[in-house]
Every structure is written in C-alpha cells, then in structure tokens.
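One chain, chain A, links the two complexes that follow: it is found with chain B in the first and with chain C in the second.
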Partner chain A sequence: MSHHLEGSRNSCALHGALQLFEAIEGVIPVIHSTSGCGVQHYLGVTRLSGGNDPFSSPPVSSSNIAEKHVVFGGGSRLREQLKNTVKVVQGDLYAIVTGCSTEMVGDDIPAMAREGREQDWPVVYANTPGFSGDVHHGYHLAVKALIEQLPGIWKRTGEFQTRMVNVWGIIPNQDPFWRGNLQELGRLLEGIGLVPNLLLGSEQGIAAWKQIPEAALNLVLSHWGKLPAGLLEQLYGTPSIILEGVPVGSAAVPLLRRLTEQLKLDQIRSEEFITREESLLNHQFARLADSYYRAGFQREFVLVGESAQVAGIGEFLGKSFGLLPRMLIITDNPPDNVQEALADRLSSIVSGYDTEVIFSEDRAEITDIMRTSDVQLILASSLEREVAVELDVPFLALSFPLDDRIVLDRGYAGYRGATALLEDIGSTILAFSRAWHVC
Partner chain B sequence: MSKKIGKHIAIYGKGGIGKSTTTSNISAALAESGYRVIQIGCDPKSDSTTILRGGNDLPTVLDTLREQSKVRIEDISAVGFGGVLCIEAGGPVPGVGCAGRGINAAVELLQELKIFEEFKPDFVLYDVLGDVVCGGFAVPIRDGLADRAFVVTSSDFMAIFAANNLFKAVNKYALSGGARLGGVIANSILAAYAPALIDDFAAKTGTQVIGYVPRSLVVAQSELYGKTVIESVPQSEQAQVYRKLAKYIDENEDSVIPKPLNSPELKKWAREWGDRIFEVETGVVHEMASI
Partner chain C sequence: MSLLRAKAPRSREKRLDTLGAWLGPVSAASTEFAGDEIAQRIRTFAQSSNDDLLYALRILAGIRDSVTIIHGPRGCAAAGLYHIAAGCNTRWFVTNLDERDTIMGADRKLRKSVVALYRRYHPAVVFIVGNPVIAINNDDIQSVVEELHEELELPIVPVYVTGFSSQNAVSGYDTALHSLLKYLSGNSATALKNERINLLSVAEHPQDRKDAQNLLKQLGIGLNVIPDDSTIDQFRLAVSARASIPLSPDAPEYLGAILDKKYGVPLINVLRPVGVEGTGRWLKSIATFLGNEEAAEELHEIKSAEIALQLGDFSLKGIKTYISLSSANAFSVLDLLEELGGEVAGLTITHLDRLHVGHLNELALRNPSLQIHVSDGQAFEEISILRKLAPDLYLGDATHLGQVARLGIPVVSLESLAIVGYSGVVRLARRIKTALANSSYGLSLAKVNSPYQDAWFRRSHNWHIKQEVK
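Showing the complex of A and B:
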C-alpha cells in the first residue's frame, strides 16, 4: 500500500554511486545530468554525514545538461565534459554516472565511455538514474561497474594472495563512521595475519580495486555487500563470509576465529590477539563501572539506523554493556527475507527481554513510535533530535543524517569502536544528568 | 496564458495515414476563404507544411534554437499558399534525444515569440505525430493550447488503434482544460466497407465522422508537384471534399469527450469486423438476411 514518507534518509541511486566513487582516492566522478543533481548530493548527503563534506562546494564535474540536450540528446555534451575533465582534473580513473533526465532520453553512455577509452583515458560508467532505486542500489551499480569494467582497462597482472580479504557492504557517508569502521576492521584483520583490502578511504585507490580478483575471500558486512561478493564468486570463484552487520566488541571473536580456520591462519597468533583485545575491552568496562552505576547507565534504549549499524551496535549494547534494547528501528529497507532474519535474530538479544524490531524509513512513523515507547535513551540520526528533546531523554546522533558531529577517524566497529561507543554513550548520559541537576 | 487569438485545432493520426496532406489542404481551403492561417507541424519528420510551400526548405524551430540563442519569427517561418504561415517544430535525429520534449520546447518558444499576437490568425492548425507515445506529443491538446482535436484515420486497424489512443489522451486532459474531440476524418477511403467500419468505431466511442476523403490519384500527383489539391487542381472533386472539411471546422463548434475502448473491447470489435469483412468477401449469406 502506498503512503507518504517524511524526511527520508535514503537518497537516490546517483548519490549512492557518487558516494562510492568519491570514497576511492584518484577516482574522478563525472555526472551526466542536470546541475541540481551534484548540488543536491552535496546539500542532501555529503554535508549531512559528520563533516565529511568537501570544502565549501561539491568539486564534482558535471555536464549540467539543459533543455536542448534533452531534446537532441546529451551525448555530445558528455563527450565535451569528459574531455574537459580529463584536461583539468588529474585522476587515475574517470567514472561517469547518469541522472534521471539523461536516462529518460536514452543517451548512449557506454559509447561515450568507449570513446574515452579509445583515447587511452581510463573511463568507466554506471547508469544510475535516481528513479531506478535508492542510495543502496547506487552503491550496487557503482561497485558492479568497477568489478566488471576495470579488467577491460587494465589486464590482470597480480598473483592470487592467500591472505588478502576484500571488505564489502559499508556504504560511505550513508554510514557516517565508515572511515573509522573500515580502519578498525582492517586492524583486526591485520591482527590475525591477514591483508585487508578495504577499497575505500585513506590510501585506498585504484590499485586496491585492481587487486580485487587476487583476494582469497570476501568479507561482507551488510546485505548490500552480497552483490559484489556474488559477482566475484561468479567471476573468480572467490568465497565469502557474510555478516548482516558490522561486528562491535566481542562480536568480532567468532568472525576472527572463522577467518583463522577458513584461511588456515596461525591459530595461536589469532587467539593471542583475541585475548589481548578482549582483556583491553574488559579493562574499559571495569574503569567505567563507577559512572555506570552512579549515573544509571542501564537504560531502555531505542536505536535507529541502517541494518549494518543497528545489528552490531544493538547486540553489543544489549549483550556486553547491559543496556536494554527496547526498539531497534532499521531504515535501509533491506529485502523481506533479510528483514525476517534480522527480526528473528534481534528480537531476543537480552534473555527474557523482548526487543521490538521495526523497519521504517519514515521520520513521522519513527517519531510516533518513539513517543509511545517510554524509552530512556535515544541513539539515532539527527532527524530524531527533536523527539528526544520533546521526550526529555539523553540523545546521541550516530546514524545518517548526522549534522551535529564531526566524524574524522571515529568508528563504532570492532574493539576500538566498542570503546568509542562506551565513551560517547557514557558522556551523553552524564551530560544529560548534569544538565538536569543544574536545572 | 494570454487570451487565445484564433481557433486552435490539433490534428492527430497514425503516421503515414495522410494527416499532413489533409491538414495542409484544410489550411489551404481556409486561406482560400480569406482566413489568416498558421499551420504548425509537430512531428520530428518536419514535412507537415511541405506542400503548402512548393517543397522548399524551412529551418525547423528546434534546429534554429540549437544553432542560435536568439530566434526571430522570420527565421522559423515561411509564408505558403494563400498566405498560410508555415512552421515546423522539428526534432532530434532518430534514436537520439527526446522528440516529445522537443514539441514542448518548440511550442513554448512560439509563445515567447508572441507569434499569435503578431500574426493575428483566425485559425492555428497543429499537425501532430500520430501515435501519442508520451506526454510530449500530447502538448497541443493539454493545458488548453488547442480547443479541439480531430483525428485522421483509415479503415486499417492500426490507424483505428492510434485514434483510440488519442481518444484516451483527450479523455484524460479534457476535464482539466485540455482540448475536446471535434470528430473523425475518414481518409483513404477505397474499400466499400471502410465508411461503415469507421462510422461504427466513431459511434462506439461516442464521436462522429465529419468527412470522408476518398483515396485519389489527384492527391498523389499534387504532392509530387509539392502542392495541395486546392492549389494544383482547385476544380477537382477532391478539392471540394477538403473545402467541405474546412467549412465544417469553420462553422461547427461541436466537440465531445470521447469514450475510448479498452484493450479487450477494441480487440473484440476488430474481430467482429474481421468476420464481417470475410463474409462479405466470400459471399456468406446468413439465414433471413435480405438479398
């Protein structure tokens, strides 16, 4: 049944593809659409993801088509734009992404990319009209474009690497903590002797994407990472480990053990690493104990975010930190079978305590649910700040859109992420209690 | 929109059905009667007004718009037979761009140029690509641009199908200020059953046939000379047929909101006519039928 949607946090496919290309060093996206698409990407997406936005304006090349390009076709405008972009912006790869109007008109984008490649420019393309799907679909379209088209530009030269793992399923900016999360996951993989191929973020450029076929395994951290993993299995026979969520704290242990076993790593080294990380986390819990009991950290909370975040953080807070997950609200609209599996898994995180698992991307619905929930702590996006003030409960923004925090290296994945989460939630509750006492 | 100057008529029909020939001859007949007429070809083929202009070239609105930022009326129009002002909207090369949006852009430009205020026409005839394949080709019948639409059809099923599609578009837009249907022009009438078939379709869809144009060698000959029948053979019977059509459009303001057939109804109707034509051709005589 159709219904109206308020304050959607899922932008369009074009933006999803742009997020991905912009997160790879040396990739220069070229938008083939009207001028608003690039601007909206900046205003509606990158600027609302923890200060990850580029300085002052979106430095994205765009064909900025006008009516005559709709009527007569915009192919020649794109050709010109690509040529000019190659002239003025030095990059390792140029990635054409398209908007609704140019796809409605049917501009021949593959031909334009081929023309570019014939001139020895490294060019890939992804047909990403906003009407084809949301930001997650755009992530799919962009990774698919790279996996399928890069081998046509650069012949595969590297050897199979028995310790290399590709990491999939974290969508840049849609997860505002993507950089920190990837870094921590990389650290964990390195800790047991693996070579992480993180693909996105600092020092992750085209070289990382070229070596994708050489990896021994794909590590999938959300439903959205299954598509690239499936493609790589078809193309190169690379197996995958699939998790429906980024592991936080001790949830990393089964993953690290499984990796050790599947890739025949040094078990002693892995166990030593796990022990070290576990004891450090336990040490943090112990240090926190006084504040925990004094300020009454154990509260019923609601958590709103993408499935990758909600599953990992929700389980960590419930299982390890003693908080009570009243409601977990998942906003990325995964397919029905994934929703069923997640609801099944997350509805009984704490033994004897029922957790409601809700799937909604509608701000109005989410707000209404919260009003009737009697929660004592809200962990959500900046869209939920208002209802938190109304309900007068401590509030921490940690999912997209995020407009009141600066996120540089911070992440909530793995052990360091768990510590960061303890700090942030603890500080939020303390600050709230202090403000209340002063008043 | 400013006050409409002149009567605005849109003429639709399946491609190749004789829509431009019919429109041009109606324009010529109206001009002959002393009216000021503008004919606007809304088809990327841009050959609507050819036989009004002796086959001479005329730059299209969209080509001109592409090439120069400032467009003047004289750049995109030519005066043809009887003073008819001829304009071709034009469009992209086949397989590229969006012709539907092109029609939209061309019509907007004509309004910006105040062509109707300048020329002060009594009649504006829009000759539109037949199959209403997308919103762009419905522009002349949307938003009150044209008052009435006429559809040209032969007795071929695909022409009837296109006419029925136009009825759907008229039906959709008429209630919100779009054009209403003036009637059906039966064209290329050759087979004996053709008038009855088109009459029946018109009756089923709640409209009427306003004229029957027989298939004629005179039309083909005139076209080869780049002329309308009105210009080349003014005394012919065919010219009279077009004059009658023009007279009807001039004097009669009747219009309806048609009731298009849905897909199963149209198929059923076509099958019934198929059977009837087969029976006529093969001489089947039904019991009790009068001989």
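Showing the complex of A and C:
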C-alpha cells in the first residue's frame, strides 16, 4: 500500500506523460481532465525545472471537464476538444492524455483517438490517470504510446542505419539538466562516429521518433529507459546497452569503448577522441587545484536526486574529484532489484570508505536522515535548502525541484558536464567560504 | 447556524451568476447583468485554467502552524512545491492514492496519515483537501474528521473542493473560507466584542498586505488579519471584531458576507486600495466607520504629496495598455492607469459576476465600447485579441505572459509586484518605465513562432465561446 508523502517530488503519471510530450518539438498534448491538472503541472513541475517551457504557458489544450461530464461521460467533450485543437494549435502530432476524473468515469479514449485518425489527424493517446503511478510511470506510458502507435499513422519508410543509436531514460524536467545532458551525450556519440537519435529537446521532433525502428542500438541511461528499449527489442530486434546512470567525466570511457566494439567502429578514431577529452578534463582539474586545496574542496557530501543522476555524479565526485560520498539518497523509487544493485555498486565508490545508499522520496524522512549525516557539502534539490541552512554547510541545488536556478543548455553529463559540475560545486564552496572571511 | 451547515458553499455561478467565458463591449455586459437571467457560457476549445482546488491551496498555504493533507493522487499536490518555493506557512502532504484506493476507498489511509502527522508535527490544525478522485468516489472524509477530532483533540478541517463542480476557480476561495469559519470560528460571536478590525486579505502578495496594514496602523487601527499569514486563533477572534475591511471586494467576498450575516460583524464595502485615489477612498471608508475621517484625510494628503513628488513628470499619456488580471484587480488597475494619464485598450478578467456590476455600469457610461474578455488561462483568445488591438503595454499576472511577449508587446508581470497602497503606485510606475524604455528582449521573443494556427487568427475571438445548452 502506498504511503503519504511530504513535499512529494515525484508528481503523477499525467504530469510525467506531459513532460515527455512537451519535450518533443511539434507534439501537442491534449489533456482530457479537469481544468486544474495542466496548471498543477505548470506550477509544480515545469516552473521548478530551471525554465523549460516550450509554450511559455501551461499545456495548450485541455478539455476542462465539468460536473455534467463526470455524471454523463466526457467522450463528446473530448471529441469536440480534439477537433478544435487541430484547428487552433499548430502541431505535427496530437497526443491525448487523461486525468483521474475521465478515467474513473470511463471515457473511451482509444475510440476517440481512432475517430481522429479516421479524419486523417495525427493522433496518439495514452491513458495516464494520476492514480496509476508517478512521473516515471507517466514517462513509460508516453514513450510506449509513441513506439506502438506511430507506425499506425506513418508507414515505416527508412532503411536500417548501422550507426544510429536511440537514447532512452532521461526524463525531461524530472532531470532539470536533461537538455544539456542529451546534447553532451550526442556530442560524445558523434565523436566516435555514431549518429545519436536523442528524441527529446531542440530540433528533436516527430522525424526523430519515426526513425526509432531504424536504429542499430538503444542506449539506456537509467532504469526508466529499459521499458522502451525492451519494447524495441521485441518489435524490431534492436539490441541495447544498459547503464543505470548518466556517465559523468571518465565514466564515459568504458561506454565509448563498448559502443566502438559492439558497433564495429573505427577504434583508432574512438581512442583519439577519448584521449583528447580525457586530456581536456585533466587540464580542468589542474586549473582549479589551487582553489581546491585553498578552500578545502575535499569534503564529505550528501547527494539527493534521481538514480541516474546520483549514480553518475556520485561516482564522478568520488572516483575522480577526491570527494567522499557520505550519503547518496535516491528519490525516484526504482524497483527492489534495481535498488539492491544500486546499493551494491554505490556503497563502495571510494575504496575503504563506506557510503550509505538510501531510497526515499519523502521530504521529512530525507531531512531527518541528513540531520544525522554530519556532512560538509549538500548537493540536492531546493527542498533540502532549509536543512542545509540549518546545518550551515555549502548547498547546491541540482535535482528536481529547482527554484533558484535557470537551466537552459547546462548539463552534468559527459566531459563538458563534468566541467560544469566542477564550476558549480567550486563556486558554491567559494561563495560559502567568503561568508566567513574576516577583514 | 444554517449559513455554514453545508459541506461547501454554493458555487459562485449559482450565487452570483459568475461567468468564466464572455467577450464583448462593456455596455453589453452592463445590459446583460441588468437582466434577471444570465446564460452560462462554455468553451468548445479550452486551455488549462485554475480550479477550485488550486485556489483553496492558496489560502491554506498562508495558515500558520498547519499541516495540509491533499487526500488524492500525487499530482493534486504538485502545486505544493510551488508554494514551498514561494515561501508558505503550511506543510504539504499527499496521501498518494493509487488505483486500488480509487476502487476500495481510502479513509483508512487518510486516518493513518492524520495520526502520523499529528504525532510528528503537533500542528495547531490539520487541513484535509478534496479533489476529483475523492469527489467522484464520495470518500468518507467526514467521519475521519469527526473521530480524529475527538481522539486527538485537534482541529481538523475538511475542504471539499472537487476540481469540477464550479467552472470558476474563485469558488475555491469560498470553499476554503467556509470550512475555516465553520471549524475554527465557533457557532457564534462571544458576548464581548473586541476592538479590532478584520483586514480580509485573501491570497494577496505579502508586500501588498503589509503596506495595507501599515497604513491602517498609522491611523491607530488595531487589526486582525485573516486568512493570509494568520493563526487559527485569529478566526475565533474575527467573529467578535468590530468590523471587516477587505483588501479586495472579490476574493474575500464570502468571508466578509458570512462574518456579517452569521456573526454580525459589519462589512465595509469598498474597492481595492490601488492607486492614489483608490487608496485614499479605502482609508476614508474605514475611518468614516470609526468616526476618524480627519486623520485619514490628513494621511491621504501627506501621502499623495509624497507620491506626486516621487512620480515627478511620469505620465502614461499616449500609452494604450491591455490589462489581464483577476477581476477586482483588473478594475482597480484600470483606474490607476487612468490616474497616471494612460488609456486602457481592453481587459481580460478571470470571471465576471454580480459583484462587478458597479464597475460595468460606471464604465458603460464613460467608455461603453471598451472590450471585456472573460477568461482564466485562455491564452489563445487573448493572443488573438492582442494581435488586433496592438497595445503599447500589457499588464498581467497569468501564467502565459511569455506567449504575450512573443507578440513583441512590452510586458509587466504583476504576479510578484506589490501594487497596493501609495508606494504600490511608485513601484508600478517604475516597472512600467523600465518595460517601455527597452524592448530589445521582446523583439528577440517576437522571432519565435506562436503555437497557434494562422487560421485561428482569422476567426472571431469568441468563436469557441457558446451559450450552454442545458
């Protein structure tokens, strides 16, 4: 049985589906629910992700059902809304998503989508009532809808592409750095001669989603990317490489080598690329060494965020930057077997030093745990600022929700992301230390 | 007793003929509201808009030492994160209902949550907030409230919002205030009246509230502010106060009316203290009630002179402004802009009802062709209107300001700008001056496409607003 949550940072399935659809250029979500669902999404999710708002407003189409639709059914209201959405809002694809109310009433959503397609409108649907699960479940429902339903709208035309890789598992806005992270991963793949199919973000529209079946490989960057990858393996036989986290810094090396081997790429080119990137990162390390030692960067830290983020950032800071991961708090509720694997892997990042790996999404519980941690640096969401102030330690907000940062292209993935992370953590520690300067 | 007996008040559309969709000249609105029957309008295409749940949360966010449990699925509590970011008094919880709960009911889960949170936080009050799932399932919140109220000796206040029973979010203020009075104020006023004046401040900007409080303090008036940033004791105190003065005639309307009709606390009927004249009128209304007119007159003169000095030669002469705000706010900002020498190109207001008849009639005489658009969150209509009117400036507090700015119109957001009182005039003037002085950002935004089809812009703005067929 689910439990009550304080300050829940994992919103509902509807909001997760909206995050996915809004991150694809040209996709227009059509919400079939009460009027407030889209506003809740805007206030409680979009606005707290550093500024990632494609429409400069809440989602642009919502059926806003009234009491009579609850009593008599809302199918006709959705029919009307869909018809008029196509006329009012520009889009390449219209994606019906549902809320709790219309699902409880039992409106026939597939029938409505079918009617739309019979009019030659590009329409997909996903049943996404909030009670069916959290944002991660919503991400699953939305990608599944696209993978299964797009081939019914557009016949597959492209050829198999030996160098193309689909990237899965980064959830827009739930990872506030999703755009930057995807761009950097794309850059790394291109660096060794691959063609990344990033699927989300700038210049990623329906064309990207149509070519999914043509890819040679799925690259999965979190537990949440396993579902679409598995689906594609079933449908098209596409193999996958599965990582349980977004690689930061040198963690990219084994990935790039594995890709080179598996897809039979030019090894010399890949090694040259790796050497150049490693060398650049080492120079970044060297340039900040003076500040590092002077301001005492080497600290025990706690990191709070989604598993993909915590694994990547935690390992980078522990294995390459000399920091000590005292506590890693993972908030995205992966299933038990994944939790066990993550705990195994992350509890000994630094040899001879014990890292506590904790799974929780409850603000009160996370706050209590942090109070006992005796750490000297907090990397978490804005919900942890209060306890950071109480503990009087440097604090950087880097996971959802973020209320004091603008994030446009910044990312913490790969080599460029590692550099950005060094800048942000370093600046945080320096700004904190300045407060103690006495003239 | 009978006034607060129901679980929730009647919706605004039933009490005040509130419309959430309408477009036309102010003269037509005035005529329509002069009649007995007002036809409800619906939209055949709609965009997300606030609902009663969201408005109720705004009020609960302000109650000190409280715990708010949204008894629903996770998404119904998303706005809690927004309120945490904005700095709120309450602690937010969601019972996190899953599919099974929607079939079997979840009052056991609710009961466990209330007990656990009481033990952890010992709050002064616990709020339990409804939502579409609970409303459709008809979950029994009431028996949980009654049992645990006795067991824990704790005020537990259920707020029966539904997300769909009213098409006007403002009804959510009424529902929250209804419950706050019903459960926290007692059945009747104490025999002994206190000398305080209730300042009714509903979901106001904290600076707006503080400015208003300071002005009243300068007149030596002892205040009891509810519901914003108030303790639960203040609701008990409120029913024995000498009178109530609202910061707006609209949002606290139900609160003022119940305090008056049920508890005999007279309500001073006055418009919002916005603009120099508006603020003076507001101060004089309470001073007159207290027989202290001269002091208010004197304060008004001193403050007006100060403001005139600070404004210098600032004038909005020749500037046509479009206003898009909650209704009472919009009408008072209209007066303020005219006070500053400007002209209003048109209005979008969140709702229109019998509370606004005075404004409608007055405007119908002065400026009958002024266009009024009634909409909460219907950006597509507003964009269409703005393309036609091409105003020089846009003042609004909606969540689609970025879309407006893509038209290249200078935008001033009032979401976090306090405009109440004398100092509010100076703050707004400065913000407007800045917006008009440099439009380079707007010009960049204008290069990004609008999300709408060109065909939509060839339709009439009210193409999707229809009379409801019952």
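Odds and ends about this structure:
We adopt the following convention: the second predicted complex is superposed on the first by the 427 of 439 C-alpha atoms of A that agree within 3 Å, B and C clash if a C-alpha of one lies under 4 Å from a C-alpha of the other, contacts with A are read in each partner's own complex, and residues count from 1 in each chain.
Operating definition for what follows: contacts are C-beta pairs under 8 Å (C-beta built on N, C-alpha and C of every residue); 3 or more make two chains touch, one makes a residue touch a chain.
Note that the structure is predicted; figures quoted are calculated from it, not measured.
Touch criterion met: A:104 reaches chain B and chain C at once. With both structures placed on the common chain, the touch criterion links A:155 to neither chain B nor chain C.
Of the two partner chains placed by superposition, only chain C is touched by A:88; chain B is not. When both complexes are overlaid on chain A, the residue A:70 reaches chain B and chain C alike.
Touching more residues of chain A than its counterpart among chain B and chain C is C.
Once the two complexes are overlaid on the shared chain, A:34 sits against chain C while remaining clear of chain B.
Shared interface residues of chain A (contacting chain B in one complex, chain C in the other): 67, 69-70, 104-105.
Here chain C touches chain A in the complex through residues 42-51, 53-54, 69, 72-82, 84-85, 91-102, 109, 112-113, 116-117, 120, 132-133, 136-137, 162-165, 167, 169, 377, 379-380, 399-403, 405-406, 449, 451-453, 455-456, 464, going by the rule given at the top. Chain B makes touch with chain A in their complex at residues 62, 65-66, 91-93, 96-99, 101-102, 105.
Those residues of chain A whose C-beta lies close enough to touch chain B in the complex are 67-75, 104-107.
Contact residues of chain A toward chain C in the complex are 1-15, 28, 31, 33-45, 47-48, 53, 55-67, 69-70, 80-81, 84-85, 87-90, 99-101, 104-105, 129-134, 364, 382-383, 401, 403.
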